[in-house]
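When the chains are written out, they are named A, B, C, D and E in that same order, and each has its own residue count from 1.
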């Protein structure tokens, strides 16, 4: 980009302002907690969090160094990298609990639906928040694993907030939802048929923090400070669920009573490289990508 | 047939209040041909619009056929002074004339014949397919006249309908209007600025004062019903009537200073 | 008195509808809460500082964008409209650019201006500019030919003709353009905030949506709608003053 | 105007702009601003295949349905409101309220009532297209020449005749303006409607390309939308020339 | 001063081709007062619009001051037949009259005085603040005349400027126009349907044929420059001239069948 602010390397110890583009969902609780706990300021990082709805705004902003770091799901980053965008993961973001039936996202159906297992989804319509992305590839993987025909599943794009109503109104047969909508649908009598984040790989890394190749090249010090702060934040979040449940009510509109009952994701400090490989393979298998990008250039 | 009693009309709005008509009373019998003369701005157009039920009176009453006017009475036709703007620019000449006939129970052939005849009568037989804005001012005015004639109204109000045509055409149209009137026994109220015309056409001439408008004088035109341009106009009776209207109007006009204040 | 209440009657009926529909079972009250719950949420919003900041942010972006779009639309429209050659030469380009959705321009906007107000502003101006332009172009065409000939024969120069002939003729069209643009600009402001994440009502709506706070979300939508209503009252009022001569307003003033 | 001259006017400026775009983007390595050459290459690859049938055509059908519905609704309501000052005063605030609601928040509400199928998408198109038509119709009807209105009254031209020969015709220049505005708004909303609850369509594809970081493909979609706009406005002009012959003839 | 040579004008479009002017040649000297008469639709308005440079000729040439006309020549004023539409509805009467004066280097006081004087001269001193559409037809026409008079043009083209006013006002306006012409030595082309008026006002009367239009006859009015309504009109010379114009026009008109085909 030509209008990018100049990238001047930071000197160790110097306090710098950084901006991180995130999505206001449960997944990014650690960075909010970390900011609150001073994990960033103690490393001389004056952190500002900017929320957007998704990658359309975050990726270009990171590439342009408007944001120094951004939050994105793994499949999107795989897509970006394979199209030649210089994104690079710097820190783990959020991971599946790995517990089938007790994850922070999953495919739900109406209580009285004939669909029993993921295999039954074949031939049915399933809502996902973004097509050709992590939601549908992992759901297909679950269907495949359960012995169904993944190509027969009819995916429809629908925003998470609209899914509970669509499911209840019978507009779709099933929906891939994440918290807090998972709890909301279950409350309304929906039934979980697949934990698609938990099934394809153990401890699937769902999303990560990333930056641009340029930033890595120009400002190693800043990146490593961010990585350290993130690590501390992730560890803290993973071990203090009550703190997490409290902080999410501050930056989302989730009410405290709902927050108290959510299934929280896991926040391991390291990216699960094998699971990234799995997602890459799924993306190639579902023809999202022609060939997997060189994971070495993407992984931290 | 047509009764105007103590009509008063005041326009107000946009910072201006004008008493267009002060107190006007007159009567037109069924089938009568009344011409109205009066100075510019004295309220003739306003009067016609009130009679046609297009404008509510401020005070007084207008009755057509004994019924107070609230909207346009049925069987009424008007030739507006703003003839150009009264034609539909999106309709061709023939369609403009035909439009008011749609409500009449006429066969298509009959309707077309009426339209053609009316347009031929005003000398526009070769402009049926033109749009009004492709016509000269006088031609537009004749379309408006043809529309009224083809409509065969019971009451016809005409507001300076010949203002835009040449002398020869005017004479022809005058005869046309009288013919139509005599054939259909239409009740006519005809506003004109031409005093000769007022006398030539009407059975009675109503002279209006300048505002606040009232009836200055009414004059019965005791000429035979059979009139023709050369004979009637050279009739001594015609000249006398004409002179009377002139003098009346001049007398009423005298105190005003048009053209005397400048240049 | 009846005239006073008339504008409210429509809104009241609509409000009643909003209150009743959720009880009819057409939709679940969970997803479309009855009005009193929306009103409750609105009350809560009024108590939050963040709400007022967001509202002000939205108003600022909206009005700035609208002002730019209207200014540019009027100037470009009058200039292009009064030069037939220019108009013919630009027509195809205008038709090409108009249907390009602002959403497609989001990455470009972010790339150029980041995720701040300017990026949203770009979308707002882009979308609402065309609304004004098309109206003004039509208005310029509407000049009465006799009036145009009058101005020409009396030797009025190009600028004088624009000022005294073209502009008054265009004005009613331009006012409609402004009204259209005002809503489009508001929509794009909120959408930009929603998608890009520029601070403002849209971002609050996005937050409420993703948090599943349905009543709060509707409360914020109601605020957006009310901003639109107020904008219309203001333009209508201005219109009544500048277009007093226009046939549409003559009758009303005389009555 | 000769054919040659007209062609030059239609293609002149776009050619210049495209040439400039070509030259200035030629060496671009910026990912989001690819060279025009690669966009054009992507254009041929992307759109000259089954996508026309699978994505473009259904979108166009929905656009056509929504646009037609908006015309009927906008003109119908517009005439009613334009003719009755009282009705206008009563309903205008509600309409203004609805008008200001952004499609991204309107869509979820529409989904509640109309589901996620074609109907919803058609309604989204209507929800945007109707306003320019409505507003222009209202203003057009209000601006009817008083002398013409009086003429109709005096000659007893009422009801359907009045509607057809006075009201609609006299407002038609403004209605056409509204319809012209609505055309491009419709294309935009066609895209937006497919951003929600979709699995195919032109707009869906463009957004998909954007999310999948297929930027040349995305720009090629934008290009297609622009071309679509030019094409439809050409058709529109043909219709307009017939409908408004009397109007342009005078000027 | 004003040279019209072999002027030809054909309108075509919307399925209609009309030869409005066939072949027209005439000359107006500087400061001359020429009146033009001719049947409705013969192309008088078209002629004026060509002279004013508002309409391109199909063939032939028009020169003003020796220069071929391509746009409106400077110092020209026109009173249009469609007076109503030539007034700007968004400007009040006084502003309508003042607008063309903006280019003139006049002080505000001077400009205001000119506007007031012109409006007073046409009898509208009390309607300065009205909008044109609040006036009667005749008043609107007088505003248009006042605008031309206040402009003090070098060349003044008037297209039936007195069509909408009453006889008395018309006489006053005729004298006003002659006064202005004599004072400012304006070159005048004055279209009228009133033959008396044509003779009373002009130094020369140009009679046009019906289409395809050419000059039927030109008549020099050898009456003294000092004219007045009563004296001049009762002058035997006047009657003779008038009769000649009448007979010419009637002769030219004879073959046409207006009013004879219907009713």
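Just so it is clear, contacts are C-beta pairs under 8 Å (C-beta built on N, C-alpha and C of every residue); 3 or more make two chains touch, one makes a residue touch a chain.
Quantities reported herein were computed from a predicted structural model and do not represent experimental measurements.
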item	value
Reaching chain E from chain D through chains that touch each other, fewest steps	1
Count of contact steps on the shortest path from chain A to chain E	2
Relative to chain E, chain with the most remote C-alpha centre	A
Taking each chain's C-alpha mean as its centre, the one farthest from chain B	A
Inter-centroid spacing, chain D versus chain C (mean Cα positions, whole Å)	17
Length of the line joining the C-alpha centres of chain A and chain C, rounded to whole Å	36
Whole-Å gap separating chain B and chain C, where each centre is the average of the chain's CA atoms	49
Inter-chain centre distance, chain B versus chain E - centres from mean C-alpha coordinates, in Å	25
Of all residues in chain C, the ones touching two or more other chains	27, 31, 106-107, 111, 194-195, 209, 217, 246, 250
Per-residue overlap in chain D, given as positions that touch at least 2 other chains	30, 32, 108, 112, 145, 195, 210, 215, 249-250
Chain E residues counted as touching two or more neighbouring chains	13-14, 82, 85, 131
Residue ranges of chain C touching chain A (in the complex, touch as defined)	27-28, 30-31, 106-107, 110-112, 114-115, 194-197, 203, 206-213, 216-217
Residues of chain E touching chain B in the complex	11, 13-16, 18, 37-41, 43-46, 81-82, 84-85, 117-118, 120-123, 125, 129-131, 134-139, 142, 149, 160, 163-170, 172-173, 175-176, 179-180, 183, 193-195, 246, 249-250, 253, 256-259, 261-263
Sites on chain D touched by chain E in the complex	245, 249
Interface residues, chain C side, partner chain E - complex	144, 146-147, 149-150, 152-157, 160, 164-165, 168, 245-246, 250
Complex interface listing, chain D residues touching chain B	145, 147-148, 150-151, 153-158, 161, 165-166, 169-170, 172, 246-247, 249-250
